[in-house]
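A, B, C and D label the chains in the order they appear, each numbered from 1.
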């Protein structure tokens, strides 16, 4: 059974199909990079996979389950455009909040552990409002990894990050892949993403224009996929 | 019998009463006509609003289609 | 983790964030104060007739002040896309909604409890004579107000003109709650206890609260996930 | 085809209304209220049509939430808007009637007030729709609000009835024959004003529905232009 299976998904905005019959799969331990132009449907697709919006037709399965099932949600981690932590709370309080929501056995221990792994343990009682951009982003990463998800959904993960955050994230993602977790990410930063990716899917106007394993050519020339499979 | 009682009643009313009654009836009719006119005016205005919307919709669709052609 | 514990976690989070900034609660209380003062120009505060309608004034103040708190409720989730993370977390939309409603409820109750003595002083009303019955009305009426308000706050969260839309949607829907609370409060402010003739109003308030608690808990999942 | 049926229905409505107005003009005046009482022949059926519209809106909204078919969403908007127009007619005629009978334009009586609150609620529905741009979200949120509004209306009515009872009780279907049977037939009969107004509402709804189709075409064109 594949970790993430997208089976003939259509998503409509009114009558306009933002996704047309998308069929993709990602095995356990695979990293699928979704590439494509702005408005090609990458974010829409990720949101459907994450269960934030329902597909108009077709279905998404995470280890054979619906994305909105409670058990599935426990296995999924999502990093979107925003950092999804509260400015008015401290770093520690933010992580404690999510640890409790995910019903972790020892919320305090998990929160402390992830503060350490993202290098935030010294500022754990500072309010997020006073954090620098990089610190906020590292906290966002800690928030997403806190409950040890087995499926990671990342929407443009490298876009707004500073160097330190990119290093932290890449290290964590590599560890996750090595541990057999599954990653689906949409990206503009072809170089960083293609280094990690095992598979690549090119979306064009809501359709899958190309889907296959990542080849060495793609890494050496990030424009390769676009050039080869086109932009219509 | 009916005629008799009616004429008896009529004999008791003064000219003032008659005038007041006529005025009341007239006011009644006037307001009835206001009411009915208002009801129909509302519906007609609604229909006119729909026509106007139809027009703007058509125009916007035409504009957008032209723009999409242009972009292609 | 149980449904109510999840709701509690959300409530605590909202209250903590609000108490750190005090944005909504300060604005709400200041607004209540201003309206109380303005009303004193519209109606002579020392006349007996004013005291008769003072219960009504009070609830208008609460409804206005409440909107400020309710507006912030879901808007607080916007800046960092926090709502996404909450929806992704394994808790039901109903628990999320209940938690937020309770947080708003407590905040609004706090504003109301602070406004009451001020109101008593300004309008020379002895509001403490039927204290516990007044509290009962406050508890029931405010729950109806927050419930409808929080639901509409979720509906209007990402539209332009949110601040205008929320009162437009909530106030007409709140007519039964406001009317009931006003009637009861007017009686209590006059120093009379709730007699048998006023019991239907209490029933109406309780019924409204029950019906809409059920309806919004059922519908909110659809609103949040689409 | 659809247009022909529509024109036919429209013509039938006009004929029916002409017939009814003729009939009503021929009726004698009501004993205590005089000519103004005849406003009831439009005042009441307008209210009933509006109520029916809100029920249809509820059913359409629920059906939309279950099936996610935008046809139902279109029905819900169309019917709500037409219902609002009819309810406004009901309010205005009621107000004019009140001016004669009670001497004031607005009496704050139970039914008038609940109708007004109902009107405000559904006007809020339309405003909410205008404010939301994304079509799916617009339809979902509007459907939820419509359900809320529908639940609210009876409670509003109940509360206002508790508040004051000043309106003359319902005059139909009671045995004290102040309302003759041929008058009842002029409203509720198969050729009565109620039927005529309901047909009119249907015609308007169908026209509004086709506009909603154009609206959706417009939405998708916008989205397409945005994506390019």
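Just so it is clear, a residue touches a chain if its C-beta (ideal position, glycine included) is under 8 Å from a C-beta of that chain, and two chains touch if they have at least 3 such contacts.
All values derive from a computational prediction rather than experimental measurement.
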{"item": "Any chain in contact with chain B as well as chain D", "value": "none"}
{"item": "Distance-maximising chain from chain B - centres being C-alpha averages", "value": "A"}
{"item": "Most central chain, judged by mean C-alpha position against the global CA mean", "value": "C"}
{"item": "Contact-richer chain pair (by C-beta pairs counted) among C-D and A-D", "value": "C-D"}
{"item": "Approximate Å spacing (C-alpha centroids) for the pair chain B, chain C", "value": "42"}
{"item": "Distance between the centres, which are taken as Cα means, of chain B and chain A, whole angstrom", "value": "62"}
{"item": "Centre distance in Å when chain C and chain D are each reduced to the mean of their C-alpha atoms", "value": "32"}
{"item": "Separation of chain A from chain D, taking each centre as the mean of its C-alpha atoms, in whole Å", "value": "49"}
{"item": "Residues within chain D bordering two or more other chains", "value": "136, 217, 224, 228"}
{"item": "Residues of chain A touching at least two other chains", "value": "53-54"}
{"item": "Which chain pairs touch, all of them", "value": "A-C, A-D, B-D, C-D"}
{"item": "Chain A contact footprint on chain C (complex, rising order)", "value": "1, 6, 9, 13, 16-18, 20-21, 76, 79-82, 84-92, 225-226"}
{"item": "Partner chain B, residues of chain D touching it in the complex", "value": "33-36, 38-39, 42-43, 46, 82, 85-86, 88-89, 92-93, 96-97, 99-100, 200, 204, 207-208, 211, 214-215, 217-218, 221-222, 224-225, 228"}
{"item": "Chain D partner contacts - residues on chain C that touch it in the complex", "value": "148, 151-152, 155-156, 159-161, 165, 168-169, 171-173, 175-176, 179-180, 183, 200-201, 204, 207-208, 211-212, 215-216, 219, 222-223, 226"}
{"item": "Chain D residues touching chain C - in the complex, by the definition given at the top", "value": "65, 117, 120-121, 124, 127-128, 131-133, 136-137, 140-141, 144-145, 147-149, 151-152, 155-156, 158-160, 162-163"}
{"item": "Chain A - residues contacting chain C, complex", "value": "50-54, 68, 70-71, 73-74, 76, 78, 80-89, 93, 97-98, 100-103, 127, 143"}
